[in-house]
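Both of the next two complexes hold chain A, though its partner changes from chain B to chain C.
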Partner chain A sequence: MHLEATNRTPEVLISDSVLEMKGECYPEDITAFAEPILELLAEKLAACDSFSVSLELRYFNSSSAKFFFDFFEVLEETAAKGKSISIQWRYRSSDNSMKEAGEDFEEDMEVADYQLVEI
Partner chain B sequence: MDSHDFHKLLLSRGTFFCYSGLLSEEVLSAISGIVREQVSDIDHDIDLTTRVFGIFIEQAQNIIRYSEERLAEGGIGTVAIGHSKEGFVVEAINPMNADKMLSLKGNLEELQKMESKELRKAYKQRLREGPPEGSKGAGLGFIEIARKSSKFEFDFVESPELLFVLKAWIVP
Partner chain C sequence: MSGGLFKQEEALLDNAKELAEANSLDTEQYLLLLKGYEKLLKQTRRLVKMSDRTEAQLNLMSKEQVELNQTLSGQNTKLETLSVKLSKYLSPQVYESIFSGKSEVRVGADRKFLTVFFSDIVSFTEITDQLEPEMLTNSLNAYLNEMAIVAISHGATIDKYIGDAIMAFFGDPETLGPQHDAVKCVTMALSMQEKVKLLNYELNKMGVTRPFNIRCGINSGICTVGNFGSENRLDYTAIGNQVNLASRLESSAGVGEVLISEETMLLTQEHFDFVPNQEIHVKGFARPIKTYTVTKLKEAKDLSANLSFHSKGLDLEIDPLVLSEDSKKIIQELIPQLENIIQHSTKN
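Moving on to the complex of A and B:
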């Protein structure tokens, strides 16, 4: 899957063992945006031994926060089943909002390898 | 009020963006890019401008989802952003249902009392528990506005229909 970025949605790339997301996330319809991604992610996670995720967001709205919460929950559950999951939350050094958001999600990740990366 | 007085009023308040009328997701798509650019042109601090933009989006989506005066595509209201030497202010005004006033007032007063740690906790708790009854989003919008603003105030004004006014300040 490769979705080009729009002014309201990030670029999304999903292959067999990698998911990358980069840009802004405040879609007109969060469900229409989130569902295909979560479905494909579940498929790829079921088929893989290890999976890595890289997120580099500039902004996401509160409706999208629920999507990211569900997204990380799926990753943590998969890691808890014994698969190797690594996540990078990349944020710009001066972007406190995105740093804090990354720290918020980090709190719930116990088994999955989760790293905050300043860029 | 004459047109030129309206013009002067906006300038005197430091209002550099104002939209009034039907707000829909489609309208928001059309204006959000330029709002982001305008805010970034005024101040180059990424953290500050992301907070201003984030609060603008939450306020606009509140009008789209909850304004009492509606069309199929969205809600009627006004959203404005101003700037002065103190910082930014994002304002939203929309008609609301009087039945919801007390519970909204209670929610917002509770958020006003919270410190940043408590707001963070409330945000995470809401994420885990899911949206409350009647929410059309994640139920996080006001918590997000409280978290990202330096302070916010609200008011209910009878004019004669009931208007909900929300004003958030974002200062460096």
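Moving on to the complex of A and C:
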């Protein structure tokens, strides 16, 4: 899956073992944006032994935050089942807001390898 | 927010409700429900935290935006004030051309067909000797101010003031075509002559006993016009033999005379009456130059002259030479309204 970035949604790339997301996230219809991603992610996670995620967001709204909670929950549950899950939360050095958001999500990550990466 | 986003939570609640209604909510189900509630509470707390953080950030950005807008507004006001001051050093056409971005402010020139005008006050050096410095300054400024008003109202590009002399031209940065430009220039020169007569009355009241008389020279031809100088200091002007000829015509003109070249005469002969004058020899021109004195606007062409009236309650400026069809329609529509205004004001 490859979704081009729009002014309201990030670029999304999902392959068999990698998911990348980059840009701003405040879609008009969060379900229409999130559901295909979560469905495909579940499919890929079920089929792989290890999976890498790279997120580089500049802004996301509250609906998107709920989507990310579910997104990270799926990853953490998969890691808890014994699969190798690595997550990079990439943020710009000047962007405290995205750094703090990354730290918030990190609190739920007990098994998955979660790294905050300053860019 | 979409129901789809809370699909898991809704499913959990529906299931719990079903079991509760069936009185079969056992410990395992209760713990599942509790776990779901804990998860939701945790997510809600984080969402609230994130939302507050975003709000704080937006408030900060909004405050910064307000400050930035205030700074920009202040700078704009300063720039506007500065540009108004600067505009006084420039001809309106040049100012408009530069500030609208039509002209590049850089060294460079073009060859253009211009009608060039020179004027000066006859025996001004002698007049200055008789005037106190303050009186000289006031009278010269009053003269230049009145001449500038006439020049600008006719659309001239005022090139420069050289003491009591004025250099102006028509044809750049805006042009109505060589013929219209030339007609406007000659009309302007005649208006200036008339204006000086009125000004002399005012100057006399100020204590200037010797009246100002001006002479004007006009020539039309291809000139080099543009920005001359260095990158740091530019002078927008016109140069070339045709400019020199206009200057020479001015110095050859008699008191109160508008002396023009043959080229300008040919361009304006439908609008003005002339009398041939003496030929002059000008450096750079192999043959003697034929000259003509403008005597007056042709009677038959009075209709094509500018209608210009400015007094209390009246501000009228009509230029038949450039009147568009739309403007003509507007004038026709205005005539009945004008009659009404006259009748109404008479009753009052």
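General remarks:
Here is the rule we go by: the second predicted complex is superposed on the first by the 119 of 119 C-alpha atoms of A that agree within 3 Å, B and C clash if a C-alpha of one lies under 4 Å from a C-alpha of the other, contacts with A are read in each partner's own complex, and residues count from 1 in each chain.
We adopt the following convention: contacts are C-beta pairs under 8 Å (C-beta built on N, C-alpha and C of every residue); 3 or more make two chains touch, one makes a residue touch a chain.
Nothing here was measured: the structure is a model prediction, and the numbers come from that model.
Look at A:S62: by the touch rule set out above, it reaches both chain B and chain C. Chain A is touched at more residues by one of its partners, and among chain B and chain C that partner is B. When the two structures are aligned on the shared chain, A:A34 is found in touch with chain C, with no touch to chain B. By the touch criterion stated above, A:S15 is placed in contact with neither chain B nor chain C.
Judged by the touch definition given at the top, the superposed model places A:D104 against both chain B and chain C.
Within the superposed three-chain model, A:R92 lies in touch with chain B and out of touch with chain C [touch as defined at top]. Taken together, the two complexes place residues 29-30, 61-63, 65-66, 69, 97, 100, 104 of chain A in contact with chain B and also with chain C. Of all residues in chain B, those touching chain A in their complex are 25-26, 28-29, 32-33, 45-47, 50-51, 53-54, 57-58, 61, 120, 123-124, 127-128, 130-131, 137-138, 140-141, 143-144, 148.
By the touch rule above, chain C contacts chain A in their complex via residues 1-6, 8, 43, 46-47, 49-51, 53-54, 57.
Within the complex formed with chain C, the chain A residues making contact are 29-31, 34-35, 61-63, 65-67, 69-70, 97, 100-101, 104.
Considering their complex, residues 7-8, 26, 28-30, 58-59, 61-63, 65-66, 69, 92, 94-98, 100, 104, 107 of chain A touch chain B.
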